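Please find the structures below.
You will see chain A twice below: alongside chain B first, and alongside chain C after that.
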Partner chain A sequence: MGRVVRSVAAMGCVVALGLVRAAAAPPDDIFVMAKDVGDVITLDPAEVFEFTAGEIVANVYDRLMMFEPEHPGQIAGGVAENYAISDDGRTIVFRIRDGLRFHSGNPVRPEDVEFSLERVVKLNRTPAFIVTQFGWNAGNVEDLIQVVDARHLRIEVTEGLSPGLILNALSAGVASVVDRELVLAHAADGDLGHAWLKTHSAGSGAFRLGRWKANEYIALEANPHYRRGAPAMRRVFLRHVPEPSAQRLLLERGDVDMARNLTPDQIGALAEHADLAVDSYPKGAIVYLAANAGHPVLGNSAVVQALRYAIDYRGMADSFLAGQFAVHQAFWPAGLWAGYTATPYELDIEKARSLLEDAGLEPFDVRIDTLTSSPFPQIAQSLQATFAQAGIRSRIVMQDGRTLWPRYRARKHELIIARWSPDYMDPHANADAFARNPDNRPEAGLAGVLAWRNAWASEDINAKTIEARDTRDLAARERMYQELQRRLQTEGPYAIMFQQIDQIVRRRHVEGFVSGVNFDHVYYRMVTK
Partner chain B sequence: MPEGRTGSQLDRNRSSLLVQAPRQIAGTALSLALTFAGLTAVTFVIARVMPADPVLAIVGDRAHQDVYDAVYRELGLDQPIFVQYLRYLGQLFEGDLGVSIMTAQPVLVDLLRFFPATLELATVATLLGVLGGVPLGVLAAVRQGRWLDHLIRVIGLFGYSVPVFWLGMLALFVLYAKLGWVAGPGRIDIFFDGMVEPVTGLILVDSALAREWEIFRNALGHLVLPAGILGIHSLAYLARMTRHFMLEQLGQEYILAARVKGVPERAVIWRHAFRNVLVQLITIVGLTYASLLEGSVLTETVFAWPGIGQYITSSLFNNDMSAVLGGTIVVGVCFVGINMGSDLLYRLVDPRAR
Partner chain C sequence: MSAVRAWLLVDVPRSRWQARCQRFFLGWLAFRQNAGAVAGLAIVAALVAAALLAPWISGSTGVVPDLGNRLQPPGAAFWFGTDELGRDIFDRIVWGSRITLYIVGLVTVIVVPIGLAVGVVAGYVGGWLDSALMRLTDIFLAFPRLILALAFVAALGPGLENAVLAIALTAWSPYARIARAEALTLRHSDFILAARSQGIPHHRVLAGHVAPMCMSSVIVRLTLDMAGIILTAAGLGFLGLGAQPPTPEWGAMIALGRDYLLDQWWVPAFPGLAILVVSLGFNLLGDGLRDVLDPKSRS
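This part shows the complex of A and B:
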């Protein structure tokens, strides 16, 4: 009798489990990605500076200039149909495309572009520097951006910048065009709609924001009237799955179409899976080691040079970084205009030792700060091992960004391993961070500039950076940036090590996902299933 | 005159109750006020003295100094810490918990969304733990030293010592990925999200109220695994504790007396021994439930469960102090509420406590 009861109970359990299994694969017109989207804190394009939010903004808003998914390496007009540059290069008149409409149905007018750019300057959040470098500020921006007529907008810059730089900067997220009427209808306390736009959208892009449920998902709805045709996917979900193992299981079961944060070993294990495909996209992010030039030992350029020879670039790239990072030793990523691909450094312990001996240095101790997230601890351990061979004793201190970044910004580090991604698609974006430091005094507080953080400055390099920034001849400008990169490889306080490769794994029938070089050049509108 | 004595005694009791009741209420209220003042003060001070920068959580590490300074002032961080705390308390009394940096939503709105997810998970897990752990503990005590006792103790040891996140990953791999018996991570398939009007925030309850049985089934499919994993942990703990309490009671002389008097064994166990362990069990169950309501961060992470534990932890990692403080207050309320509930239950099950 007891046995019968137990058997029935067991069967009941199995039936119950069978009943509750109710998850289903995404329908054919819904695209679901598993991704850690915990970095999203705002969706206002005037403020967005995080990876996932940058990606969302790229799909929800059209920008004045754009990198379209059909040709992700080529700048083109977005909201602007074309433009005319004045002879002195300080004035650009944009012709706005005819017939464009926001998701609200409102027409896209030059007034909206004017409002969007002015709003960025007046709100002055982190990415505002991308346009304030034009000489714009809250006091003059209304004079420098003017609506000419119903189709044209004129912008003026007070600095003698290369027009290429201006156009590239106007392809960044801050140049997203927002629906002036809609945004102002939700403005409160003179915030230009900032609080509302953090969690809503007012764009004219291929998708509109459906809902952002923090820690759960971000849902996008297709814009059927998009200027380049309606996306094939009616809805797109970025499902928040912080744990890579859970992402893998969801993908294997077919409950999501794509996993965005799998580790190299997980990707290796899935490479032969019949239903899955792995795609690799070179990204603009670079990983570097920086030495604080204010340190009594690290301020010696021979020491930094020795460090460069005491790094096992190839060993790391071929082992724990395989597939997700490639060796790269210049500040501007390979594959982009003005990219510099020379890799003059490889592990050479004897050379590192001799450089230290020539500098008359005894073995010394140094602290390496880095992030706790992979692959930074592994890179730090590799460096610690090879530095030891060269006679440099190092101590690794791993920290979360919330404690590491204040330390770095306050110049309190010795050595630091960190990552940098371009803010916009012009080499000046990185040159301005890595090479130029106009005021090296601690009280200058240029905490956004890497050269300042590392207490390093060179008058000559500063001048060359400005010269490259302002040069109008494209070929000459490209040569200047390559020369700057070559010089930084030996003169700067950095040992640039790797360029990131983004690896995604998708269900094989999902196609058309585009991930460009920059962090926010990720597009969903060509996805099909 | 007996009636007179009884009448005056009743009068004395009544007047004593009338005097005591307001005192008890005032005492409880004062105790609660002090608890929450202490809770908010300690959390606030810890948040402010941590070597982390809440401004960078908003502006990012690349922000220029002028942007940083502007946000620093916006957050009121240029004020002395006691001024900041008093301001926070002032907002709190108006029901304003502030706005979360991470979600850009009022903290109260977030808590009303994240807490029900944890409440649903913790309640089902606790029910599983109690319904499984208590009978197993009693059974083990009754069969002390026999194979069943050893088996239950091994189960208890396993359930209590194996890391929950590891068990969660293993269960996901086997029951979800390989066998497909349960739904995967998440609280519900996202296609169903928003299709039921939230009344309680508990998806099972809301979908049942709306008679949306497909959604109910889907939500149950997602709940069964994380609740089961947490339930096993509770079950193991409760089985061990119940066994221990029962063994203490079964060794008492009154149990021997009952057996000698010929009271049936079932009545000896359940009516005599078990009733006497109830008070201790209520304490243990209350604490287990409260700790689950605090949010099981690892389980919520592995199962992508949008609960209060994940909310508080990610807020902490992002220096989102309004969210951390709001979450801490909710957890504090849970602990206080469960303690008060336990007190009430003591009085119900034990006449000596009345």
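This part shows the complex of A and C:
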């Protein structure tokens, strides 16, 4: 008996804490968000590869090239005022803006940009591939990035890449410009200030990092001298609230100005609320089903084709995914340059069955790996039901990311439902992940490449990916990427299902929040209340 | 009827069989006085009935999504409402009772023999073997159950069988303690010495005389433990390490339903209620059984 009483009492306390913890509404010049910020492990722009940290870095650092919140779809100069590309496309000279200053007061000079990019290559953390694909490495990067004079910086690439790709890559988080003097003052053991920058900031963006307390909050302070004017909010506060229900309670009571992780059903219930408003932003994240081609049955492309017809895309998008995911079946998101919107697949059990019969297959068992967090378990169960109708028995295994990703990277999965977000705003970012697999041997260990993880490779597709990457004519390049996406829809090991739509709910008087297509194109500086 | 009753209550039983029936009947009379215990028995009986009759009680298998009927409130069509994929929650709870029984049954089958064997041998043999076995028991006792179960499941991979195994591996140690304490008091009693002097070998004394005497304490402990086992299984399910979807395990149902707590309260509330009622039932039954079986508490 005692055990039950204790458990019930404990449960009661948890609920009561969530409900009762009283707080006043935030002051007029402080913007408070409720968000799950448990994914933050570092705030060093040379290392950040997570959703929340990417967003913080975007608000704290100006990048060489940027997507400004005023025109979120259009690449523009950030720290760079303009640039000149050589005829062979291998050299770009950037002119750095006059009069820029870091939060520390130090001027922003070409030397800082040079240091920031070299630092990324030398530290060589996860996102470094975005710039090392230029042919940069620790040995040659000092020669390939050169300060020309007090206002100009020259970069060279050794690969024949499309200039569009280079500029897009230089708008990613790794192109954040850090304060060379300040970072070097905190360097220890030749780490280029890495240990210090993990928890501090040294940028020139609209905000500077006030404090990050892991699994509690992140506080940003406004930069009153920002080049595009001081933000209206003196302080931005991201409060770690992992439970969507708790976020909703805080928002309804006015303790926070915005909730970032509400579920579609919660948002449906809040739609009529007089003080709240819902905003939707299409994002670049894609949810897909992947089949390990190394598996004896799943390696058969007819089976993957049958799976594509055994998915209730429309039913899911209209019910438990409503408003937060749209049906999308190509690897590059709709709404972006070279996006491909054709959706040739819909639920057709008869077709799936006949494809399996034509392939001469007996009914078989398969394991579906996915994440424990919504909406992945729901998607998996919907797939399981429609697969069963087509004669494929499946078993779902839910895991958290720490268990699931190593399994996926080690090619140990059979079917997996996962999410992918492009690392920079050029279709090569996803083509390089979904389509191109230069070395399919297990020992190659290309764990960042989805095609390799699924043991799938095509010489022809590899060549087409490289050709598209290096093409300079924009119209031709766009056609090539669309053709690649069309071919992957039937040839690849994936059934791409949905594109994410970010839904945020805010207090009605809070305006100016901008969320662009890429995961880190989220800007706080235009927020007013 | 009264003839049977008279036979059961006669002062001097004529056979061993009659004596046994008498003991059982007297126990039942005592048990019946305790209203809570009877309620507990009724709950457990209902659980077993639900598990046995699931195909006839429920209208569906409880696993096939019906997206057109999601999140329907409780009513005539769906007594407990429907969940986020349109499945009848009542049906899922009924089918889930099989999983709950499967968990407690399997844990019992693993835990009781291990705990009993270790405890009885340690208490009866004594000496260095006693020390060795008891230190092993101490090690398992010292770990928090859920943490150890988490570690086991993390190593073995998520799944219902592994969750059961993990719970069993962490739950046997108290039984060894109880059995050892009982065996210690019994090892020098006259009937054991008499059996030994007649040449009965140690292993048969252990199995035939010592172990049965420990059973009543073990059964009481087991019924009281059931609630803990169910809660641990539900906890593992809640953390995504127990039963995998679409299995209607009650803890997993709460975990996936907690996003709906505010607007569709029935999604997590009914499986939560089921866990509460069944845990309570086992606890009440355990309390009642202790009053009947424990000689020390008899007035």
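Everything below uses one rule, namely that the second predicted complex is superposed on the first by the 507 of 529 C-alpha atoms of A that agree within 3 Å, B and C clash if a C-alpha of one lies under 4 Å from a C-alpha of the other, contacts with A are read in each partner's own complex, and residues count from 1 in each chain.
Just so it is clear, a contact is a pair of C-beta atoms (placed from the backbone, for glycine too) under 8 Å apart; a residue touches a chain by one contact, two chains touch by 3 or more.
Keep in mind the model is a prediction, meaning the values are calculated, not measured.
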{"item": "Clash or fit, chain B versus chain C on superposed chain A", "value": "fit"}
{"item": "Which of chain B and chain C A:Arg253 touches, first, second, both or neither", "value": "first"}
{"item": "Which superposed partner A:Gln266 touches (first chain B, second chain C, both, neither)", "value": "second"}
{"item": "Chain B versus chain C as contact partner of A:Tyr281, first or second or both or neither", "value": "neither"}
{"item": "Touching partner for A:Arg211 - first (chain B), second (chain C), both, neither", "value": "first"}
{"item": "Comparison of chain B and chain C by chain A residues contacted", "value": "B"}
{"item": "First (chain B), second (chain C), both or neither touched by A:Ala380", "value": "second"}
{"item": "First (chain B), second (chain C), both or neither touched by A:Phe237", "value": "first"}
{"item": "Contacts of A:Gly448 with chain B and chain C, given as first, second, both or neither", "value": "first"}
{"item": "First, second, both or neither for A:Phe364, with chain B first and chain C second", "value": "neither"}
{"item": "Three-chain overlay, vertex chain A: chain B-chain C angle, C-alpha, nearest 10 degrees", "value": "40"}
{"item": "Touching partner for A:Trp337 - first (chain B), second (chain C), both, neither", "value": "neither"}
{"item": "Nearest-approach distance, in Å, of chain C Cα atoms to those of chain B in the combined model", "value": "5"}
{"item": "Contact residues of chain A, present in both the chain B and the chain C interface", "value": "243, 245, 249, 400, 403"}
{"item": "Chain C - residues contacting chain A, complex", "value": "63-65, 67-68, 70-71, 84-86, 154, 157-159, 224, 227-228, 231, 240, 244-246, 256, 258-264, 276, 279-280, 283-284, 287"}
{"item": "Interfacial residue positions of chain A with respect to chain C in the complex", "value": "1, 3-4, 7-8, 243-245, 248-249, 263, 265-266, 269, 312, 315-316, 318-320, 372, 374, 377-378, 380-382, 384-385, 395-400, 403"}
{"item": "Residue numbers on chain A that touch chain B, as the complex places them", "value": "14, 17-24, 26-27, 30, 32, 38, 41-43, 49-50, 124-126, 128-129, 195, 198-199, 211, 213-217, 219, 237, 239-243, 245-246, 249-250, 252-253, 255, 400-403, 405-406, 408-409, 423, 433, 445-448"}
{"item": "Contact set on chain B toward chain A in their complex", "value": "51-53, 56-68, 70, 100-105, 110, 113-114, 169, 172-173, 175-177, 180-187, 189-191, 193-194, 214, 217-218, 220-222, 224, 301-304, 306, 310-311, 314, 317-319"}
